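Take this structure first; my questions come after.
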Amino acid sequence: MLDLVLFLPLVGFLLALLVPAEKAKYFALIFSLVLFVISLGLIGPVLANPGEYSFVTNTQWISTPNIRYHIGLDGLSLWLVILTTFLTPLAVLVSWKYIGHRMKEYYAFLILLEFGVIGVFVSLDLFLYYVFWEVGLVPMYFLIGIWGHDRRIYAAVKFFLYTMVGSVLMLVAIIYLYLKSGTFDYTVILQQMASGQLKLTPEEALPLFLAFFVAFAIKVPLFPLHTWLPDAHVEAPTAGSVMLASVMLKMGTYGLVRYCLPLFPNAARQCAPWIVGLAIIGIVYGALVALVQPNMKKLVAYSSVSHLGFVVLGVFSFNQLALDGAVYQMLNHGVSTGALFMLVGMMYERRHSLEISDYGGVATQVPHLATVFLITTLASVGLPLLNNFVGELLVLQGAAMVNISWAVFAALGVILSACYMLWLYQRVFFGRTSHETAHHFEHADLQPREWIAVLPLLALMVWMGVAPMGFLTPISVADNKTLQQTKLNVEFKVAAPTPVAPSATAAPAVQVAQTATGVTNAR
Amino acid sequence: MAESQQLWLIPALPLLGFLINSTVGRKMSKQFVSFIAIASVVASFLWVAKTLNALGALEQPHVEHYFTWIASGTFSVGFDFSIDRLTSIMLLVVTGIGSLIHIYATGYMAHEGGYYRFFAYLNLFMFFMLILVLAANFLLLFVGWEGVGLCSYLLIGFYFLEKFAGDAGKKAFIVNRVGDFGFSLAMFLVFINFGSLDFGTVFGKAATLQPEHSAGMITAICLLLLVGAAGKSAQIPLYVWLPDAMAGPTPVSALIHAATMVTAGVYMVCRSSSLFNNAPIAMETVAIVGTATAFFAATMGLAQNDIKKVFAYSTVSQLGYMFLGAGVGAYSAGIFHVVTHAFFKALLFLGAGSVIMACHHEQDMRWYGGLRKKIPVTFGTLCCAWVAIAGIPPFSGYHSKDAILLAAYEHARPLFWIGALTAAMTAFYVSRAMFLTFFGEYRGPNPHADHGHGGHDDHAHGDDHAAHGHADHAHKDHGHGHGHQEIKESPAVMTIPLVILALLSLGGGFFNIPDWLEPVLGSSHAEHDPTAVAVLYATFILGIGLAYVMYVLSPGLPDKLASTFKGLHTLIYNKYFVDEVYDVTIIHPITEGSRYFLWKGVDAGLIDGAVNGAGSVSRWIGGGLRQLQGGNIRSYATWVVAGAVFVVVAMSVWGGVR
Amino acid sequence: MMGVILFAIFATAAVACGINLVLQRHPVTSALSLIGVMGSLAVLYLLLGAEFIAAVQLIVYAGAIMVLFLFVIMLLNAGEERKIPGKSLVSKLIGLPVFVLFLGLVAYLIQTQYTHAGSPVEFDAFTGGGPREVGKALFTTYLLPFEVTSVLILIAILGAIVLARKEID
Amino acid sequence: MDFTLPPLPIAAIPMSAYLILSAILFGLGICGFLFRRNLITVFMSIELMLNAVNLSFVAFSHQMKQADGQIYSFFVMVVAAAEAAVGLAIILTVFKNRETLEVDEVDNLKL
């Protein structure tokens, strides 16, 4: 089943090259929709046992060196895979009119990208993982380099080189691990570590950890390795931005949780203060720089830097709350920033500009677009009952348990996010329209195709914000397992004089709290 | 003990209204939209009434758990609602006044564009406000808290074509976010220290705390909560958004920025009273912040010319009173003032709205005058609000303000005197507004003159904010079509809510709210010290008298005073330049620093410079090495030979040849 | 005795011809010098007991291949090299002494390395280089490489034809 | 034929003499390759180097008392023949296209 979901995109990629160019988008849409529907079948079995790998396939791929085709899905990767299959049809939809030339190759690359990304999320063999990591890189390079805007070559090369630098380091570390353990199989390496068969001295573990970490940090991207992101986003076509922000960046954060922590727990702990420092700088820095961007996509790109800082902060806070929040925040960011990029792309299709100053007051002409944009903006700034709030809350609460000052600085990012997003919204939609802008937006409200592209995302934002437990429970279980594997879970003490009673919310409905609020004061 | 009361219906009904209006309202008639909006809120009000009736005396809080919202590790927060006596009052005020204002708004907004949008937002606001009030834990309270901030943003920016409206909305949201920052940090600390966010659990533990035990932590929590409350309730230093928020339609000012949302901070402080009781330093801070806010806002209100601005500063000032009450431990007096203030301030705003509408969206009081005969119902009802806010016994304002100031007299004498002075100023500026509006001669443009309504723009107001009236005007299309009509009374749909509120303003003081709240918030009964009472009587007499002298008997006096105390007047008139100071000290450094240092400097210069530098260095090296590959075979051969020579020489020098 | 004299004569001849090859500007003279080197080397091969190789050296190398060279020189009507003033002086002034020094170093190395190892070369000391022995080795031990060389030569012929034929447009 | 030659300073030629001769010839080949600019002469210098190597092979063959070294030199000759065929063809083509045999003018092998 998982093999099917993994390899169908590869088949789709080849098929897409055979379809006539003008039919390519129909093919891509139908194909990715079918894949999405199939991938929904993955949910049930994983939910039944989110702590263990489901759909495991484990066979020899290459005998010397010992590389295995080992894939599986657990609560951590499940939603990321679903997110990928979910976003691909939407990405096809937003490319519908946007892409005017070399359509066949475009849609083929989009599907190939899906293949690479799914592969990254499901592979359990380090070498296999590395292969998929690189497979994902190539189509994105072309998506930016061929269908991008004016400075596309610069952006594409920058994107490629940045990622390559990190991934080569990671490859070295992977090979080192292979030489030590004799296998690329991630689960086997973990077992060897658990049984003491494979021991890494601190002097070994630290460089290995850093090699992995740098690869992921570039992908996340973590300050100060983020400068490829704004360029890549600005130049990429809409669907490229959507896929880049929504799923490709998650390859980095997913790697942190999946590989960095379990493989090198002690090194991770050792580096955690520095990494958290960078994450917090990234949160505030990204937000501040976003504040002054004159370009919409750049603004959203820097906001990604800020949002993903939360994820890294959560991962390296080493407790259940923060880690759950971090993983949840990955999904949230995928949904809300993906939607933002889609909407910015729709604006671009109308106005053919990304400069904020070219807009203004268009809410009158395109009220629906304005409303959808507003909801997405609000989700992005972390308004309660929308998705981002849940993730940010958990991350901040978890970080606060470790060190309250982390939460203080990170929460500044939340304030600033309101500043830059609302300012963006105001400058784009409020005020009076210039004649030129008005001309571009006349009778240009959301078309049915665009509605179909954004409505699922809006629905998800509300769903994930109001009823997060359906998503959060499997993540929680998987995270719990990760933390136990790594023995990283920070125990925190409750300072109150009495031990923590089970939360009253867990009690059945209509229960009266015995310790009532009506305590008369002493004054 | 009690069966489920379906509390969820209370917020769900306005939410339903919001959903209906926001999705199909655009295509529906105004009657349909207003019906949905009003019906949903009134139904909610009725459900509150029914619930309270069923719950009776509410000796214990009534809690309902619906589902676990967020759970992770030890963290678990449910979608829980609870009702206790404090909530019951807030519920009645919110839904009751909310209903009245909805009804009023159908009249006020009758000729506005975006009618459905307005009511959709208003219903959404009711939804969040009710969540805020009903929440049984900090997180859900925070949901409502942020939600009302959002609706406030949307409604302030309702006239989004105007830059000032968008700016004001954004400012409100961001300043509120600063407050929320404090609130959320407080929430984190609460969870760390109490292991839960449920009010029942937290306050239960807080009540049993030893004062010396973790006092610092509780103080920190309370101070952070105060930051949150200061943001929402417009206290120093975060009050700056509220005056600007008057850019929204007047019913919004009445509902959100006077009666309900801005009191959320007070509600939250009172809700957390068991925490505050353990943190005397925080209590003192609350009292001092409240007093300072009350005083400074009142001074700013003295010199404003925009009628809504006067009432806005008045709101800030009155909120300061409520904080003073909470700060001196008289929580129930604070809540009492919340209620009475909701009555008379809503009335003031709605009445002001009626005046503004009658004067064709002119908001500057200097162009009013002598309106009492032209709009008698408005005048009459506003008079009721006047006597209430001025603190004339036995009307509502007197009772609540009295309770607060007497408590302050007992606990903190200096604060009492400042509070009393503020009371005098309150009486003065409200009277000033009343005299300028309703007495004297009509000073507005001559309705029969033939210079069109554009004449407004000729007024040299000198106050940039006063320009709001005009900008407001510009897109209200009905104004264009009709030109200047006779000034006439508002329709019944607007005056009836005014009358109801007037009655409440007059008689609201007789609801014995402090007693009802005593089991929840403790007693705030203070001795009626004769000195204090006498001072309070003196304040309103002084305030009203002075205003009468200045604005009715000798109208030239204010200008003379203003020129005498030019510096002081400029300072007050420009609101102590606080906005400008914030601009220069906070906003400007942040934006400019981000632009020139972080973005252009660090991002584009340092990091990208390093990255591109690495690239160009390798290109440079490659360019150098490229010279070696000239394509000349003999030079290649030379290198080969040189290599061979090197190997031979190396072997002979360093061995390798045995 | 005889060997020493013959070696002295033909070694000197080979080196002289080699130097001449390098110094002459006209390719034909160089080619003739190369034939001289090859002939001298053939005699030295005989001294070393490699009769077959000596024969092949004369027949194939000095005969066939060098004739090919001369043909090409004739075909292209290649004249003398042009003199490039200046540049060659530097390379002569610095390059030649360095080159001679290097040769001296190599000679010294070989001399020191081979004084002890191996016996001096005696005429008739080794007679395994006749056509019979070489032929046997070629068709037994080295059969596969030998057959492969035939393929190689075939390919070389094809390549030469392809390269040298006239372009057909 | 009864005359005696004066005694020579050495009775037999040492191995090293052959090797040094080989080295000298090889060095001359290098010199030719580097200093000559005529393509054909350059090519002939390569042949000279091959010959020098062949001499070493044969000398070692003699020392080892094995024919294998001679076989190698035989293969070298075969390869040299093939190389000469192709190389001269290339020189012909170059001359056809460029009307020159100057090595320095054939420098298109670069970026």
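Letters A, B, C and D mark the chains as written, and numbering starts fresh at 1 in each.
Basically, contacts are C-beta pairs under 8 Å (C-beta built on N, C-alpha and C of every residue); 3 or more make two chains touch, one makes a residue touch a chain.
Only a predicted model underlies this, so the values are computations on that prediction, with no experimental measurement involved.
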- Count the C-beta pairs in contact for B-C and for A-B, then report the pair with the higher count. A-B
- Rounded to the nearest Å, the gap between Cα centres of chain B and chain C is 100
- Rounded Å distance, chain A centre to chain B centre (Cα mean): 35
- Between the Cα centroids of chain A and chain D the separation in whole angstrom comes to 67
- Among chain D residues, those touching two or more other chains are 30, 34, 37
- So which bits of chain A are touching at least two other chains? none
- Could you say which residues in chain C touch two or more other chains, in rising order? 102, 106, 113
- Message: So which chains actually touch one another? I want all the pairs, not just one.
- Response: A-B, B-C, B-D, C-D
- Name, in rising order, each residue of chain B that touches chain D in their complex. 626, 629-634, 637-638, 641
- Message: Per the contact definition, I'd like the list of chain C residues that touch chain D in the complex.
- Response: 1, 3-5, 7, 11, 14-15, 18-19, 21-22, 27, 30-31, 34, 37-38, 41, 44-45, 48-50, 52-53, 56-57, 60-61, 64-65, 68-69, 72-73, 75-76, 78, 81-82, 84, 88, 91, 95, 99, 102-103, 106-107, 110-111, 113-115, 117-122, 125-126, 128-129, 133-134, 137-138, 142, 145, 149, 152-153, 155-157, 159-164
- Task: Using the touch definition up top, name the residues of chain B that touch chain C in the complex.
- Result: 645, 648-649, 652, 657
- Item | Residues of chain D that touch chain B when the two form their complex | 30, 33-34, 37, 42, 103-104, 106-111
- chain B partner, complex, touching residues on chain C are 102, 105-106, 109, 113
